[in-house]
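Read through the structure below, which is laid out as structure tokens, and then see the notes.
Read from first to last, the chains carry the letters A, B and C; within each, the first residue is number 1.
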Amino acid sequence: MIAPGFPLPAEALLSALDYGSVAIFALTGALVASRSQLDIVGFIFIACLTAVGGGTVRDVILSRPPVWIGDPALLAVATGAAVVVFFGAHRLESRYRALEWLDAFALAVAVPAGVGVALAEGLGWPVILVMGMVTGCMGGLLRDVVCNEVPLVLKQGELYVTCAFCGAGAAVLLGLAGAAGWQMLLACAVVTLVLRAGSLGLGWRLPVYKARPPRPGSPKR
Amino acid sequence: MIAPGFPLPAEALLSALDYGSVAIFALTGALVASRSQLDIVGFIFIACLTAVGGGTVRDVILSRPPVWIGDPALLAVATGAAVVVFFGAHRLESRYRALEWLDAFALAVAVPAGVGVALAEGLGWPVILVMGMVTGCMGGLLRDVVCNEVPLVLKQGELYVTCAFCGAGAAVLLGLAGAAGWQMLLACAVVTLVLRAGSLGLGWRLPVYKARPPRPGSPKR
Amino acid sequence: MIAPGFPLPAEALLSALDYGSVAIFALTGALVASRSQLDIVGFIFIACLTAVGGGTVRDVILSRPPVWIGDPALLAVATGAAVVVFFGAHRLESRYRALEWLDAFALAVAVPAGVGVALAEGLGWPVILVMGMVTGCMGGLLRDVVCNEVPLVLKQGELYVTCAFCGAGAAVLLGLAGAAGWQMLLACAVVTLVLRAGSLGLGWRLPVYKARPPRPGSPKR
């Protein structure tokens, strides 16, 4: 299928994005495994779940075979990342900060990967937005849910889902304006990374919902 | 495929059920997001997950494309509900009770929606039962698991899954007795809602499993 | 599709494995439900989720219809197990130990079931490994995540995922050496069960990741 009105990204670009996001998400998965003190097979399990989880959910929803079934080298990349962290994580002085920044880069790679697949499937812009968010956020969400951590995706004032949403939105706007596929994906990655980096480094955030105190004289809750 | 022995519900009826359950489940998702104090994009994310989660799991299992891919207006409905709650939830004096009652209505709409899809796919009655329960319960289950709440589905004495089971069961029994599709779906909605309302308002429940104390003289656990 | 280089297991053997793992996993699901003090429908829900969850995730990823859609008797088996536990679990002096040992047998049946399906689909050995692990571990993972328990799969020093990995690995190695399908599945079951039993009964485990204390004089974390 050809996206009506949207230019197609090159197949090679999509593939490079998939490898990149797999490697970096696997590192974040292995770092969470190190905080749960798992053994080496547990590291590999969580690394693979994080690395290919978002893309697998995307592909299952779109009735595509997951990328790693046709290309098991992706699993080898994730396994390698898990082994490296298992034997080397103690060298990282602060694993938590490292996890957050690695995750920012993985997000900035996975969101365009999801957008690119939705473009290649010829889907409309609302579904492109959703697929960017699913591919970017689901791997980390599965990682945190399985490891019993508060999902990073949902921490107050983290701008996490928001970055994915705005990145995918930038791609959609450029596409509607007639930009080429690689321009859409590049803009998506840049917007996602800049917003996330701003959130991590400069404290950018959106106002969160706060329950207002009852006015004096109003009935008690 | 035509259901052997089961009458088919009208396509328009199924579509209306999908819209209704999406709108109400989105409200419950946004209310849970308000308890987690997320930002507006977080509200939209949880609202959409809750709203289309159950139906998406159903469609993925049945190898159908999820409804919202062909009809993204469903996502717009969920997004609208999230925005309304973000700016208006503080007007609700008791958000928790509101959540429970809204959820009861969403359940009573989603279970027939799942039953209807399984009917339209021509599946047997055990699968109809499962699809009613999956469509009704999975969206709320995903919402609560992702937001780290104790799943409402599993709270003691809530009759939650039981309502979905009995509602889908009523539809199956009517179908076996030769009723029309709309009669099956109506009975399903009514049975589900009455049981859930009885549980919320009148305290109806099933006996729960209780470990019995060891008899005197028996070996210690 | 025919597995290139891998012999095919008999269809009857695969079917028997599916029934066995469904029955035993359903028992473990019902035992967890008994710890959460659910009602009888909650028991059935968790039992079915645990029993067919791993296989359903496997089938959804492989774009196959889940086994229980074509053969709803599997759901009847899981339901029966849930009912037995609901009325009889108090007879088990120590439900927790019983749960662990039942789970070991279910794992040793589910991993070969997953390996067998991947063989029948003609997939390569990395995907066979993954499908063995997914089928073995996902049902229990879903059970524990939904019931808010720390996933057994990830408890420190439980060798859980490791057993599935080694069992599937044994099957792959035998397959590469030219063994018949039933030999591969038997070896898979034996290796999985022996490792898990060694972990439960004899305390076998792999070294887990431990953060090393900072060396004296190094900067503080």
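By our rule, contacts are C-beta pairs under 8 Å (C-beta built on N, C-alpha and C of every residue); 3 or more make two chains touch, one makes a residue touch a chain.
What you are looking at is a predicted structure, and each value in this text was computed from that prediction instead of being measured.
Enquirer: Shared numbers divided by all numbers used: is that above or below half for subunit A and subunit C, i.e. same or different?
Expert: Different-residue interface.
Enquirer: Fitting the CA atoms of subunit A to subunit B, what rotation angle results, rounded to the nearest 5 degrees?
Expert: Subunit A sits rotated relative to subunit B by 120 degrees.
Enquirer: In angstrom, rounded to a whole number, how far apart do the mean CA points of subunit A and subunit C lie?
Expert: A distance of 28 Å separates the two centres.
Enquirer: Residues of subunit C touching 2+ other chains?
Expert: 60, 63, 145
Enquirer: For subunit A, which residues count as touching subunit B in their complex?
Expert: 60-63, 123-124, 126-127, 130, 133, 137, 141, 145, 150-151, 153-154, 156-157, 159, 161-162, 165, 205-212, 219, 221
Enquirer: State the interface residues of subunit A toward subunit C in the complex, per the touch definition above.
Expert: Interface residues on the subunit A side: 33-34, 36-46, 48, 56, 60, 63, 65-66, 68-69, 72, 75-76, 86, 89-90, 93-95, 145-148.
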